[in-house]
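There are structures below to look over.
Two complexes follow with subunit A in common, the first pairing it with subunit B and the second with subunit C.
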Partner chain A sequence: MFKEQNTIKDKAAIVGIGETQFAKQLPASETELACKAISAALKDAGVSPSEVDGLASYTMESTSDFELAKNLGFGDITFFGQIGHGGGGGPATLGMLAMAIATGQCQVGVAWRSRKRGNPESRVWANKAASAELVTAANWSRPWGVLRPVDEVSLITQRYMHETGCTRQHLANVAVSIRKMANNNPRAMMYDKPLTTEDYMAARWISEPLCLYDNCLESDGALAVVLVSAERARDCNSPPVYLHAFGQGISQQSHSMVNFYSENPLQGPSWTCARQLFRYSDIQAQDIDVAQFYDAFTPLIPFSLEAYGFCGHGEGAAFTEDGGLDINGKLPCNTSGGGLSEAYVHGFNLITEGVRQLRGQSCNQVREAETCLVTASTSVPTSAVILRR
Partner chain B sequence: MFKEQNTIKDKAAIVGIGETQFAKQLPASETELACKAISAALKDAGVSPSEVDGLASYTMESTSDFELAKNLGFGDITFFGQIGHGGGGGPATLGMLAMAIATGQCQVGVAWRSRKRGNPESRVWANKAASAELVTAANWSRPWGVLRPVDEVSLITQRYMHETGCTRQHLANVAVSIRKMANNNPRAMMYDKPLTTEDYMAARWISEPLCLYDNCLESDGALAVVLVSAERARDCNSPPVYLHAFGQGISQQSHSMVNFYSENPLQGPSWTCARQLFRYSDIQAQDIDVAQFYDAFTPLIPFSLEAYGFCGHGEGAAFTEDGGLDINGKLPCNTSGGGLSEAYVHGFNLITEGVRQLRGQSCNQVREAETCLVTASTSVPTSAVILRR
Partner chain C sequence: MTTDWLLPELDELTRPFWDACKRGQLQLQRCRTSGRLLHPPRWQSPWDPGNGEYGKLDWVTVCGRGTIWTKAVPHPPLLPPFSQFSPYNVIIVALEEDPRIRMIGNLVARPQAPINSVAPTEIEIGSAVRVVFEKISDDFHFPRWVLDTRENAEDSSHV
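This part shows the complex of A and B:
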């Protein structure tokens, strides 16, 4: 039988976080942005670049591991890995590093995401992803006009509304709750732009039933975290935030980007991921103080509330009522403004905000937050982590 | 301090291997080839596809994890990861799965490689890799005519010859020794094509000092392995081959594809990898019974002999003399014919051959082989595993 002491539970800790500015367009290259974010994270941790020996990133990352190692003066790297599926990947970069640290494959790990929408480098990678997808799942939907991620999510949202009674008001609740978080966060791209339900209802369609405010931002920026073993964490500058549990999920018969063809299209990869996440976790859904849910689109929040067990199936929409996601709500969510209102960097800003909450340093601090769930997209092969103080 | 019982040592075992035919051109798609190889590996193990919950592959793999899961009827997948850098990746797919199994993130892992040189799918990925590289290291060499991998390896080989006294005869020793292995392996593409030193010396240059026979084959084909926990392995059809140790390496200041700009260009990623590989290993270089070295080009064999400690620096060429790599030599190498003479599938056939050796099923069986080293390319961010019976 598998011995529970062999899990990665609390064996690695995040001891450094770093970010660049977020904006619609930044002049620096993706490599430069990555270097800035990683340097800031190492400084935050009080760890020398020469100690770094583990690296994890998204497959769509355009800055290579060896390029960073050269530019930043890392030591000999003894673990490096990548994780596919775009927005499904963020927490998995942490999970991979935690596995490597827990098993002695490396000692100081760095995970990062650097992104520029307008950069030709990025376009190469976007084209690659698109081409790979074209030969598979998308063959069945592209010819019928399901072209953009938002079109795929709008279809599944329509089904969700039909089955559960979710309305546009519920999606507005998500957009407005998360925007309020951004309005307290000077680093958020939407810091000085309040959003009301009226604004939401008056906005143009992007892909019905999803309007402008159901969609995340388009951002340039980079972020990084530094992970070390729990023992090493005691000697770092910043208080350790432990990686308590890690899950990934591809559900049976699921496609990327969405899950139209499986028996229950409303219960996809995140449901699989949640089972693995909580399997060896001492912290269950009812013990989570604050959540950072991947929010490329508003309906992913009710989907995630259901997947990770904060409510029953079909109850995610109602959970958003009466400020359920607000700072004093049932489950404070996306407290930096998330992808909808802080910046869209494939969910990596959800990780750094999770760390800030457990350090007591958030702009929207949840009082005495001890545990934080960080998830990736519900629509693709996905991942999640539980962080604890 | 890190506890050695937390390493992955012997915690996972390869219990199934599967391969398609190897040929210059195969009619089936890469997805179809991957499915065939994986099905064969599962059958070999006596494991049902529905038990598979972990997947690892190269980033250049064009068949996606979820596509395989759908086509083959896998269960819910709870671990999936990828490894970059082309021929540096093979052993790392095993290492990643072993980490995931050892830490409870999955129970039955599949690693695979499927490749068709002539396939438009593959070209997309090759272009992607080329584009990413162009913005970085290759900026410094492409304009001077260093266009192909063989050009990069020929430069470093020239330097190696200059420094160590390695001659073309030594490279011929490698090509001829490995070809003899293929001549005993009916599945090898070069099975019925003997090679003499005279043939070698008369061959045309590809990139001086490297001639035709210093280069690997171009092959279509797919391979797969199944890994499970050491406990689960006892219930499988085939005798378990334990993953004893795993290493990866990016050396300081190293570039991909080669290591021209570092202090010692002749000691690159494989040297870093070897240190990590042997760090927690009970099996050291002198205990290795048979080796499968990544052999896209003949000089990578002397480089690897030195990197993994089978001889001192500069002694790799002499090691090939007097049939040093032959079945009764100092270290029998690439016993299926490797990339040079069986098939070039980014080194994955070295893994399956390593397993056959430890099962006693090789066409060139090393008597009572108990331990096998399998390595990836010396020229890029790399990986290696030690397998044991």
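This part shows the complex of A and C:
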């Protein structure tokens, strides 16, 4: 029988975060950006590179573990792993390291994401050759013109609107709330670009019912975090942020991005992930002070609010009304500006912002925030973590 | 005639679907044990969890009628050939035999009409549709959909 003391609850802590500048175009290579972000995270933690013995990244990460180890001067690496599914992977890199630390497979873990996507030619969907990850889409959706992630999400959004009464005003609420966060964050690419509902309604379509401001940014940048055991964390420079709970989810018969074929496409991988996340967690949805939801597209916010239990199914859109996502709202969300308005780095900036909130260092600080939920994409095999201070 | 469509892979798993389209039939896999339909195709049935003859599937012809489950209207930036049709429509059709089976396609005004031949504002979730086929190449006759109305009932579904 499974014993609850065998969980990874609070056994590992984030003690360092680091990031590069975010921009449409940065001259440095992805490897150079990764080195900068990881160095900054180690410095923040007060941990020597030679102590690093665990590495976790995304399968879509193009910088290699051993190249970084060679450049940064890591010690012997005893745990290294990658997690699949693009934007579904961020929190899972932390979960993998926490499991490795809790079981003694490594002592000091680094997770990172370095990505140059500002150049339109780097977009995965623009590659006509079907990659392994695009096979279902290539065979059963691209021939009919479902070409881009935004087309896949617009189809599910239109159905959601039909079933729940969600309107474009609700999606505007998401875009505007998150933009306001970015307008207080000097690191955000949209720091000096306010957005109103009128701007939103006047924007060009990308894939109806989604317009320009329903889409995330395309960014160059890199981020990293350092995890150690709870015991080791006490000796680090920065106050520890504990990884309290971790979940992953592939829901039954779901497809990645083109999840129209399961029994209920509106309750996809995040619903499975949420059940596992909260199973052994002392912190439940009503105890979460601030959330960083994966926001490649605005409708993913209402989808996530429902999946993680902040409201009932079909109530996610209404949750955004009356500033529900604002700093003083029902659940302050994406307080750095997220993927929509800070930078889109496959959701890794949601993790570093979660840590800042629990250190009391956010540009949009939620007063006395003690708990933060960080999620990955609702549209793909996904992951989430609950962080606490 | 547009020639640079994005073509699917033609392999052991997908060929029966496309061969049926060339005959003007919409065919899907059906689980031999449970009778449930499947789409997209699988190597074995997930609805038959192993009673010795593991997950056998048969290709069966379905009636080709259904209802619009959702829609989208892509705008630029796109890839050829879709850029030239934008804004065009994409619909997902829930099939009559089992509405849990959903297929991605395009609504066209009549057989052989282009994918932007129906005004996006006229496409309604819940409308009845039926399949027609458009020859794209020797191997591929793409299923498209027309409103299942009296005017469309007389059309030949296949050219």
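By definition in this document, the second predicted complex is superposed on the first by the 370 of 389 C-alpha atoms of A that agree within 3 Å, B and C clash if a C-alpha of one lies under 4 Å from a C-alpha of the other, contacts with A are read in each partner's own complex, and residues count from 1 in each chain.
One rule holds for everything that comes next: a residue touches a chain if its C-beta (ideal position, glycine included) is under 8 Å from a C-beta of that chain, and two chains touch if they have at least 3 such contacts.
Predicted model, so just to flag it, every value in this text is computed and none were measured.
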Task: Please work out whether A:E263 is in contact with subunit B alone, subunit C alone, both, or neither, and reply first, second, both or neither.
output: second
Partner chain in contact with A:Q253 - subunit B first, subunit C second, else both or neither: both
- request: Using the touch definition from the top, say if A:S154 reaches subunit B (first), subunit C (second), both or neither.
  value: second
Query: Which of the two partners, first being subunit B and second being subunit C, lies in contact with A:W144: first, second, both, or neither?
result: second
Message: Looking at A:P209 after the superposition, I want to know if it touches subunit B, subunit C, both of them or none. Which is it: first, second, both, neither?
response: second
- prompt: Who wins on subunit A residues touched, subunit B or subunit C?
  reply: B
Query: Looking at subunit A, which of its residues have contacts with both subunit B and subunit C?
result: 125, 128, 135-136, 253, 255
Field: Complex contacts: residues of subunit A adjacent to subunit C
entry: 120, 125-126, 128, 130, 135-136, 138-148, 150-151, 154-156, 158-159, 162, 204-209, 253, 255, 258, 260-261, 263, 265
Field: Footprint of subunit A on subunit B - complex, ascending
entry: 1-2, 4, 6-8, 11, 31, 55, 59, 62, 64-67, 69-70, 73-84, 92, 95-96, 99-100, 102-105, 107, 121, 124-125, 127-128, 131-132, 135-137, 229, 231, 246-256, 272-273, 275-276, 279-280, 381
Statement: Counting only contacts in the complex, subunit C reaches subunit A at residues 5-9, 14, 39-40, 46, 69-75, 77-79, 82, 85, 87-88, 90, 92, 100-106, 115, 120, 125, 140, 142
